[in-house]
Amino acid sequence: MLDDTKTETLLEVNNIEVIYNHVILVLKGVSLSVPKGGITALLGGNGAGKTTTLKAISNLLHSERGEVTKGSIMYRGDRVQDLQPSDLVKRGVIQVMEGRHCFEHLTIEENLMTGAYTRTDGAGAVSADLEMVYNYFPRLRERRKSQAGYTSGGEQQMCAIGRAIMSKPETILLDEPSMGLAPQLVEEIFTIVKNLNENEGVSFLLAEQNTNVALRFAHHGYILESGRVVMEGPAAELRENPDVKEFYLGMSEDGRKSFRDVRSYRRRKRWLA
Amino acid sequence: SYRTGPFAAGGIAFADGYADYFTLLNERDGGIGGVMASVPECETAYNAEKGVECYEATKAEGALVYQPLATSITYQLIPKVEVDGIPLHTMGYGRTSAKNGEVFRHTFNYPVNYWDGASAGVNHFLDLNDGSLEGRKITLLHFNGAYGKEPIPTLEALAEKHGFELTTIAIDYPGQEQKSQWLQIRRERPDYILFWGWGVMNQVAVQEAANIGYPMENFMGIWWSGSENDVLPAGAAADGYKALAFHEMGSDFPVFDDIQTYVVDAGKAAGAGDQIGSVLYNRGLYAAFLAAEAAADAQEATGEPEITAAMMRDAMESLEITAQDMEDAGIPGFGPVFSVTCQNHGGDGLASVAQWDATAQEWSLISDFFPSDGEVVNALIKADSEAFAAENDITPSCD
Amino acid sequence: MLDEGYVTADGRQIGGVMMDMRGITLRFGGVEAIKNISFDIREGEIRAIIGPNGAGKSSMLNVISGFYNPQEGEVWFHGKRRPPMKPFQVARQGIARTFQNIALFEGMTVLDNVMTGRLTQMKSGMLAQAIWKGKAEREETANREVVEKIIDFLEIQAIRKTPVGRLPYGLKKRVELARALAAEPKLLLLDEPMAGMNVEEKEDMSRFILDVNDEFGTTIALIEHDMGVVMDLSDRVVVMDYGRKIGDGTPDEVRNNQEVIDAYLGVAHD
Amino acid sequence: MSADFLYGIEVIINGLMAGVLYALVALGFVLIFKASGIFNYAQGVMALFAALTLVGVMEGQVPFSHVINAVFGTEIHHFGWEVPALLAIFVTLMVMVLFAWLVQQLVFRHLVGQEPIILFMATIGLAYFLEGVGDLMWGSEIKTLALGLPQGGSLVVEDWTAGLGGDDFYGFFIDKLDMVATLVAIVLVAGLIGFAQYTKQGRAMRAVADDHQAALSVGISLNFIWVLVWSLAGLVALVAGVMWGAKSGVQFSLSLIALKALPVLMLGGFTSIPGAIVGGLIIGVGEKLFEYMIGPMVGGATENWFAYVLALIFLVFRPQGLFGEKIIERV
Amino acid sequence: MLYREAGDFKTSYPEDSQTFPIAFDRWRYWAVLAIAFLVIPFVINDYWASSLMVPFLIYAIAAIGLNILTGYCGQVSLGTGGFMAVGAYACYKLMTAFPDVNIVFHVLLAGGITAAVGAAFGLPSLRIKGFYLAVATLAAQFFLVWLFNKVAWFYNYSASGQINAPERFIFGTAVTGPSAPAWAQYLVCLVFVTFCAVLARNLTRGSLGRSWMAIRDMDIAAEIIGVNPLKAKLTAFAVSSFFIGISGALFFAVYLGAVEAGDSFGITKSFLVLFMVILGGLGSIFGSFAGAAFLVILPVFLKIIGVDVLGWPTEMVAHLQLVIVGALIMFFLIKEPHGLAQLWRLAKEKLRLWPFPY
């Protein structure tokens, strides 16, 4: 496990505010930092603003009529807020978007190749990486000639992650990678994340609902609620926090509780009190 | 006028000529009978709604006469001018049967109309064939719209009378692609082609005729298909192409010296000044001349310098253009000599034939002004205008 | 054979066969998405379909709701063979569903979205609607009442008038459920209703599903990847892999089936 | 062989040639649509603008002279030089690239992620704008394009084939300009197909078409890709403008050729470069044959609508056009 | 402070689904109607009527019609011009065939005929989608115009192919023909506009409107939840064409008085109406009005500025006008892709929150 204090901070988000459509305030002062070589998890319920945070970082808000109105986003000490998304990719930050977003009409292989769009290190290196991605996701190799639009949800998710890897990034912003994946595959994908992190030194900022898995693989975690960071800490600590246990891990005092028992049961979040 | 849109090329020259002539009168003579003429111009882009908007916007300003220069706008204005009592002059276009002044009290289409044109064209072919077209093939190639369809009844009547075979081939707007029409012509080899086109249709038709090697001297357009614009793009191949005309070509008239001195050199030319002497410029100038003559007549008849639309109408109805009038205006022999009466708002239907000389790059008249087949044309006009009168509860009369 | 139904572990009576899929085969060009699968869904039960990604689960739901016509096999509904029909005709037989990739009508408010669920129930003609006062208005009000009950039931009152495009993912799923419920279906098909939710929200969703099943007696078929949910909620589970059926039975049977463990679960789930 | 039959063949051949001319315009649409999902109605006006610019540059016209003269009362029209054709073509291309860049910077950059219909409307706005600018810049009178392209029926072909039929047959008529156009089109299409399928930029271009956001997220610069395709479309527009302009002179009506290209697109598929060619050929032959055989019975001038109806009939069987990408319908 | 939902409680569902739930809005609309019906007719003159008000009202009807099809049902149509032509020619044939029937019925019937034609041309929409459909509707546009040009029966065999509106009366006042007074023309159009707007509003808020919107937003999902796509699309085409037919009939009979199909109902008309709908706001009836007003007034305004105030040559002004209209269209789309109606909504939303920024 990484020691937070020693490593260099790659990405630093400082107290940002995001407004959609000039009227809808979504992020109300979010700060977080991603250390080099770490896996940082961003947790929180639906609509907490995880996706918005990631998009703010990779500058994709613009096309959704959203804008960062306050605060700053620094990557390696440079302000990156005003860059084009493609410049950010060139600097090594790439986002895997929520809901897959594969290029439907391109084949799986073409999809992966678009990931290498910004690379300049020659065809040889690219095809080596392509091979690597296929080794991570053998299923993609089988379907390499199919149009992405006709592959199943899980295949598309793999494709989207593979595509990001193809750009040889330094930091990957991963938005809900486990959504809609079979349990086995979730494990697999997280293992791949871990491998990439350990072997290639890729840093991750990971937005996840599946707190269970996320906290198992992450080093550090932030919990976001209604556009604010309500809790942060090393993953191991968060895992032990009773609130987190109850609300995000689905555990009660006596182990995992059944979904059948939730009927007449009301909860209260202590930190909101 | 319309200096924009699909027919801009034709509209510009006409508008320049019209405006320049009045500028000349104002600059040189201090207006007409001492009153400065004003020529408000609206840009219609050949669009009926804009035409109506313009009409409504300007009619309150004491307009004396409207010159819409688009057949469709004419149709909208014909009923309106009857109510508002403002005369409408549609020279060589518009509704042919408006020649019957008993029905169309405020609409004038002297000196010629489309049916005259159709007949004049046939007359010219008759001349070439010693008076007989028996068994010949004539094709009418026309714009697929009101304007292009106008001559069909006349030609049908004439075909019967002279025993030639008439085929009609329509071209849809805008007429950039005419391959199939010309392949058909190539196959059928008509002896003569009459052509009712406007805009890009003209240029393409001339080009295609040249392409299939059709003898140009047997290919004749209506006056709206006979300007420099129509033949220049085809280059040398257009040599010999004919078109009808109802006024002279070229700038070999005294008035052009005056225009140069009083208008162009004074920096008052309406357009870029590069249209002077072109066919459509001359046509605009001619239209302006006719309007100015009528206005002068009106002043004379009433003795008042400030005339009203009603006076203008009366003057137009008794307009007489003599050789002397043209001489005085610096355009001797420019157009036919004709007179207007209440029964006849269309003049005497005198037209002439012009031919394009590609080497000299100029149009020139190759015939005198000759009359159309009044017998055929007038019968048709009578029928059509009476139908209109019946439909609109108008009692034809002259008082 | 369980012909006249059975009683579940928690004591609910399950009825006879409602939907019977017999030998379904579905091909897309060269790809065989479903290979000769048969299974049934019984009145009142909660039936889960699980399997790895691309196994053909969603395709199976699409066959049930009439969006795909299988090349081979028969669909029996309420003891009658169902001829090939258009999806909207299937919907009118009382089958409603939600979608894997949310398929809400983004340009409409939550209320309007849920109201579209009742389209199968609304009968007034175009003329009546154009005049509005009278028949159409009464019908609208009556249906609105039903819809408001469902909105209350799913606890989405607060966002009633919000355009759905602006909603967060989890709420959208809930609205989609509301829309499906509005049709008062006999059979409710749920395609991954809990994807992208955290535990708290999954608990809420579970509660809704159980309540629907309980209170309205709605039969439910659901696809889900969260084994906790599947095992806790469902009465019987079908397992698919590469278009084949590799297991069918109670959660306990399935979870101990070696083939299922190999193909899907990875490790045995408790 | 009977003359009628041979004339039928002649109609077909000429239809094919006309089809190539349609396809030239359609190509520009396809490029932009493929890369941005923008249905660029302004393509026709771009052809006009490119041709106007070419003529203007060749003749050494002063741009905006009308406006300058009107506002400042000056009398300038020409620079007084003439530019050789090749150089003028190059200058025009540069102007089209500049235009592409401006369009991207000022308009479409701000419309990323909007619905297709909004983008479509924006291109109609652009068409108005460009039409006005073209007229203000170069004047709206008809101009002659003197590039020295061959024109007129080919006598060689005519003589050669005249013997095929009886006395009623005069030999096939084939326009030399059409032959040139066909050659140019073949080269252009081959080049464009190679570009789209086998280059990195081509792939990026298709990616952008599918999902703007995702393309951004993998680091594709929409700006760059779009400037690129708009420039390419400008090139295609120039070619189309020259070919059509040679027939009819350069004038406003050139912009209306867009209307001839739409059914071609629809038939071939909005996203397919080969589709534009095949669609063009089918439409060309179809409408000419229809006009030849059925036209006389219904009064002629059927070409405007026939192309659309023909395309419509095809579409009912293949909703994405002959070669268009299949519309992916999944839930 | 007036503009608040709070305190404006609804106690029944019909009240909640009324057209203007906020009392202030309701009052404002009544005021607008009152001015339109009770004030303007007394002050209007020929120029105002024929160059601004009458075309505005007529285009507003067409825009509402197209908005139903495109904005509510998501089917882009470029055949508006053609359908207006159907309305115009149907009206003409009816007017001349049954001269004794009141013109109001002719106009309504013309709408009905157009609805049938529109539904027929809507059939391909079951298979064809998006821009393919848009381009396919051009088939209707060109075919219809060609038909009205070719078949002489439609224009009663007149030599030129033009149709002329004979004079017709309502309550003894001429509303068509050259001597119809401006206020009468205006009032007739206003009554039709009001009628159409109410109709459109009712249709779009009920189950039919919802099935249209469902088809628009996601047609596959709509079908699976029980919307019959055939019925939804065809009714949208029919209703939309009904309005467009009425506007075509009024355009011909009341406004221009004489038309020729190719000239007045060409493809530019289709584009113009589509612009109105998009600039105004897709899926908004108010937007249809706003768009129509904007595009009718703008050219007139520019012309007045350019020619009358600045005294520039008309041709240059016309070219500049193209440039400006084009630029403005692009500008608006960039500023607010959802149209003037959305700007209005946002303004209201701000007002509702005022004085707080969010």
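All chains are identified by letter, namely A, B, C, D and E, in their written order; residue positions are counted from 1 within each chain.
Convention: a residue touches a chain if its C-beta (ideal position, glycine included) is under 8 Å from a C-beta of that chain, and two chains touch if they have at least 3 such contacts.
What you see is a predicted model; the values in this text were computed from it and never measured.
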Excluding chain E, joined-chain groups are one piece
Between A-D and A-E, more contacting C-beta pairs sit at A-D
In terms of mean CA position, the chain most removed from chain E is A
CA centroids of chain B and chain E: separation to the nearest Å works out as 37
Between chain A and chain C, the Cα-mean centres are separated in Å by 29
Chain centres from averaged Cα atoms put chain C and chain D apart, in whole Å, by 50
Among chain B residues, those touching two or more other chains are 3-4, 12, 144, 172-173
Going by residue number, chain D touches two or more other chains at 66, 135, 140, 299, 301-302, 304, 330-331
Residues of chain E that touch at least two other chains are 146, 149-150, 220-221, 224, 313, 315, 319, 322
Residue positions on chain D within touch of chain A in the complex are 112-113, 200, 203-204, 206-207, 209-221, 223-224, 271, 325, 328, 330
Listed in rising order, chain A residues that touch chain E in their complex are 19, 21-25
In the complex, chain A touches chain D at residues 58, 60, 62-64, 84-86, 88-90, 94-97, 101-106, 110-111, 113-115, 117-118, 147, 149-150, 160, 163-164, 167
Contacts from chain B onto chain E in the complex sit at residues 1, 3-4, 12, 15, 41-43, 45, 47-50, 52-53, 56-57, 59-60, 71-72, 75-76, 78-80, 82-84, 95-97, 144-147, 149-150, 153, 172-173, 270-271, 384, 387-388, 391-393
The answer for chain D against chain E in the complex is residues 39, 66-67, 70, 106-107, 110-111, 114-118, 120-122, 124-133, 135-136, 140, 259, 262-263, 265-266, 270, 298-299, 301-302, 304-305, 308-309, 311-312, 315-316, 319-321, 327, 329-331
